[in-house]
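Have a look at these structures, which come just after this line.
Two complexes follow with subunit A in common, the first pairing it with subunit B and the second with subunit C.
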Partner chain A sequence: MLTISNLTYHIANKGYLFQNVTLSVQPGEIVGLTGHSGIGKSTFAKVVAGYLTPDEGTINRVQNKRQPHPVQLIWQHPEQAVNPKWRIKKVLEEAGPIDDEWLERLQIHSSWLKRFPDQLSGGELQRICIARCLMTRPDFIIADEITTMLDPITQADIWDVLRQIAKTESIGILAISHHYELLERLTDRTLSFETLSKK
Partner chain B sequence: MRKQLWIPLVLFLFIYSLSIMIQEESITIALTEKNESPSWSHLFGTDWLGRDMFLRTLEGIQLSVTIGFVTALLSTTLGFFLSFIASIHSVLDHIVSWLIDLFLSLPHLITLILISFVLGGGFRGVVIGLMLTHWPVITRVLRAEWLQIQEMPYVQMSKQLGKGFWWRTKHHFLPHLLPQMMVGFTLIFPHAILHEAAITFLGFGLSAEEPAIGVILSESMQYLSSGMWWLAFFPGVTLLVMVVLFQWFANTWKHYIERDRSYETYFNN
Partner chain C sequence: MKPILTIDQLSIVHRVSEQRLLNQVTLSLQPGEVLGLVGASGSGKSLLAQGIFHLLPTNLYRTGEIYYNKRPITTHDRGTNLVYIPQSVEALDPLMKVGKQIVEVIREMNPEQKMLELLQRLGLQKEMASKYPFQLSGGEARRVLVAIAFATQAEVVIADEPTPGLDEATKREVITLFQELQQSGKTILFITHDFDVGLQLADRIAVMNQGEIVEVADQTSFSGDGDQLQHPYTKKLWQALPQNDFTGSS
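Showing the complex of A and B:
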């Protein structure tokens, strides 16, 4: 289980972004986290995934040296999450040897591997990022607005696969979106970030 | 675009290889042929000892290019290491930034003369002097590049994917910095050549026995009044041609590898 307790984070000169956020995610469970834009959801995601250090509070999953973080973050903008000068093959290999199973399940065509990131559509590139994330065998995934930039059909496709994977691989997913209805449809339960981070 | 790149480079390399083929022994004293103005047998004329000025000029060019190359290489290397140190911790960054500002606020030529003078002049003095006055520009640009690359989401991601610092350096940082280092190198190169000639001319650089363009120019001073214009004209023009050729190449190259133009404020003055 991923347990986040009393997480507090502040931004210099701006005060607290959130305080005492407590939340847990079971393996295989999909939890939604919603809230209006600018409230601090992405920052929260980065703290939980180990990109930022919290002021206070604990997270029971931490990264071991030279090991992938057990909580992997998928970013909203896939084009920022891959080195633009690398071919897709190298992008994927950053997470280890390429696992064809994931390519297949995410419908990644093998001809994409020799392309550069700007030669794929946003949805295709996001699937690459998801595959890379899954290749690290994470216990939990934080999906931060991962389909916000995509059209509804691509959005539905991606979430179908992710939900399946969550169940078959017992990966817990924290799905972040400002879009409450989307989360209601996708998740087992949805929390409001505003309620969680009552100051 | 391609032509703009290789024409100056080929011309530059042609003149440089010509200068390498010159043996110092082939520049002989021939008092019967002294003080001759330019002719077909002596393209650039001869000096007061009858030495062929074309050969002397090429010999000087070879030395200039060598100094430019060594200096540009050392400055770039120093810039790389200092910018790397600055990227490690904000305290180190403050120190490096302070040093950059300090050196940039000093007048280039005077600092150069002082350093070269303190080190006793000569090849070593000139090269170290040039290096110590040219590193701040490249360090400043590389430091900004380090800061930028380390902020990139895909680099932070790399860490979360389990990649260590050295792996990230090799695969993310260096490929990002290398083009900027090459641009810096090509911009320092002509600068160094001109500065070397300047301080040697003033007598603070290479010693008078060296076949340097600056030495040729300062020696020719006393003969100019007697009408021997070719002694200064051809060496000076050849040096300028080399610098212009290289700068032409460097400018095209800079655009060619599509890096940002953050060096411009320092060099296009």
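Showing the complex of A and C:
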């Protein structure tokens, strides 16, 4: 289980962004996280995935030396999450040797590997980012608005695959979104960041 | 009623590969209506707006014709009869104060006064006028862009993706802004990948797939199982919404 206890983070000269946030995610569970813009959801995601250090609080999954972080983050804008000058093959190899199983499950065409990021559509590139994430064999995934920029069909496709993977691989997913109907459809339960970060 | 803007067989072609990125797009807008243009990313929605305004990158060219009030549009129409609200709020001039940018497009007496009225109408403090774009939040910058659309005499507003990545509250606010634009008598082409927003705002929805308009349907046709929709892609798009079947392409 991913357990986050009393997580607190402040921004210099601006005070606390959030305080004492406590939540947990079970393996294989999809938990929604919602809240208005600028409240600190994405910063919270970065703290949990190890990009930022919290002021206080504990997370029971941390990175071991020379290992990928057990909590992986998938970003809202895939085009900003990959090196634009690398071919897709190299982008994927960041996570280690390419595992064909994931490419197949995410319907990634082998011809894409030779291309550059700007030669794929938003939905295709997001699938590359998801494959890169899964190839690190994470225990938990934080999906930060990962389908906000995509059309409904691509959105449904991506979540269909991710839901199956969460189940078969027992990966817990924390899905951050503003989209109420999406979370309603997708998650086992949804938490409000406003309520969690009461100061 | 005669259409105010007609796009007649507009194609956008790559100069080298001769690939058609937009294929024979024909659309017309009636005065005072909001037409939503939806479709996947990369389907050519933004190209259409850029094509109308002659803002295409140099490696692309266009064929076909665009008519404003039944006559072919000229460069003079751009910014006077037709106004473009681009996708990026970076479209504001970074070196010019916000107030001045609004005043510049006002063709009336007392532009300063008019500009202050507009700021107030859009819920912005009058101090905003003396700020530079970098001092604005994303939402404020967007309102300034809408203020510019209000300030022009233009009857037709073409807005490209004005709601990317906004939370529900801000999204509602943007929708309200555009409803006000419509009520002030403007005709709006509203380009969005966000189907929900398109449905809330538009009278008719044009659906674009791979550079072609596959269907133009009344907003009311998007209900129930989508039985009133004609094209399989439109039905698919409707059914893929989380509040409907949430089924993808497979």
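Worth pointing out:
Note that in this section the second predicted complex is superposed on the first by the 199 of 199 C-alpha atoms of A that agree within 3 Å, B and C clash if a C-alpha of one lies under 4 Å from a C-alpha of the other, contacts with A are read in each partner's own complex, and residues count from 1 in each chain.
Keep this in mind: a contact is a pair of C-beta atoms (placed from the backbone, for glycine too) under 8 Å apart; a residue touches a chain by one contact, two chains touch by 3 or more.
What you see is a predicted model, and the numbers here were worked out from it, not measured in a lab.
Of the two partner chains placed by the overlay, neither subunit B nor subunit C lies in contact with A:8.
By the touch criterion defined above, A:160 lies against subunit C but remains apart from subunit B after alignment on the C-alpha atoms of chain A. By the touch criterion defined above, A:152 lies against subunit C but remains apart from subunit B after alignment on the C-alpha atoms of chain A. In the superposition on chain A, A:50 makes contact with subunit B only, while subunit C stays out of contact range.
Within the superposed three-chain arrangement, the count of touched residues of subunit A is higher for C, of the candidates subunit B and subunit C. Of the two partner chains placed around the shared chain by superposition, subunit B is the only one that A:82 touches, whereas subunit C remains out of contact. By the touch criterion defined above, A:136 reaches subunit B but does not reach subunit C. Of the two partner chains placed by superposition, only subunit B is touched by A:67; subunit C is not. Common to the subunit B-facing and subunit C-facing surfaces of subunit A is no residue whatsoever.
By the touch criterion given at the top, residues 36-37, 76, 121-123, 145, 148-160, 178-182, 184-186 of subunit A touch subunit C in their complex. Every residue of subunit B that touches subunit A in the complex is listed here, in rising order: 152-158, 160-164, 171-172, 175-176. Within the complex formed with subunit A, the subunit C residues making contact are 38-43, 164-171, 193, 195, 236-238, 240-243, 246-250.
Taken together, the subunit A residues at the contact with subunit B in this complex read 49-51, 63, 65-69, 72-73, 75, 77, 80-83, 85, 94-95, 132, 136.
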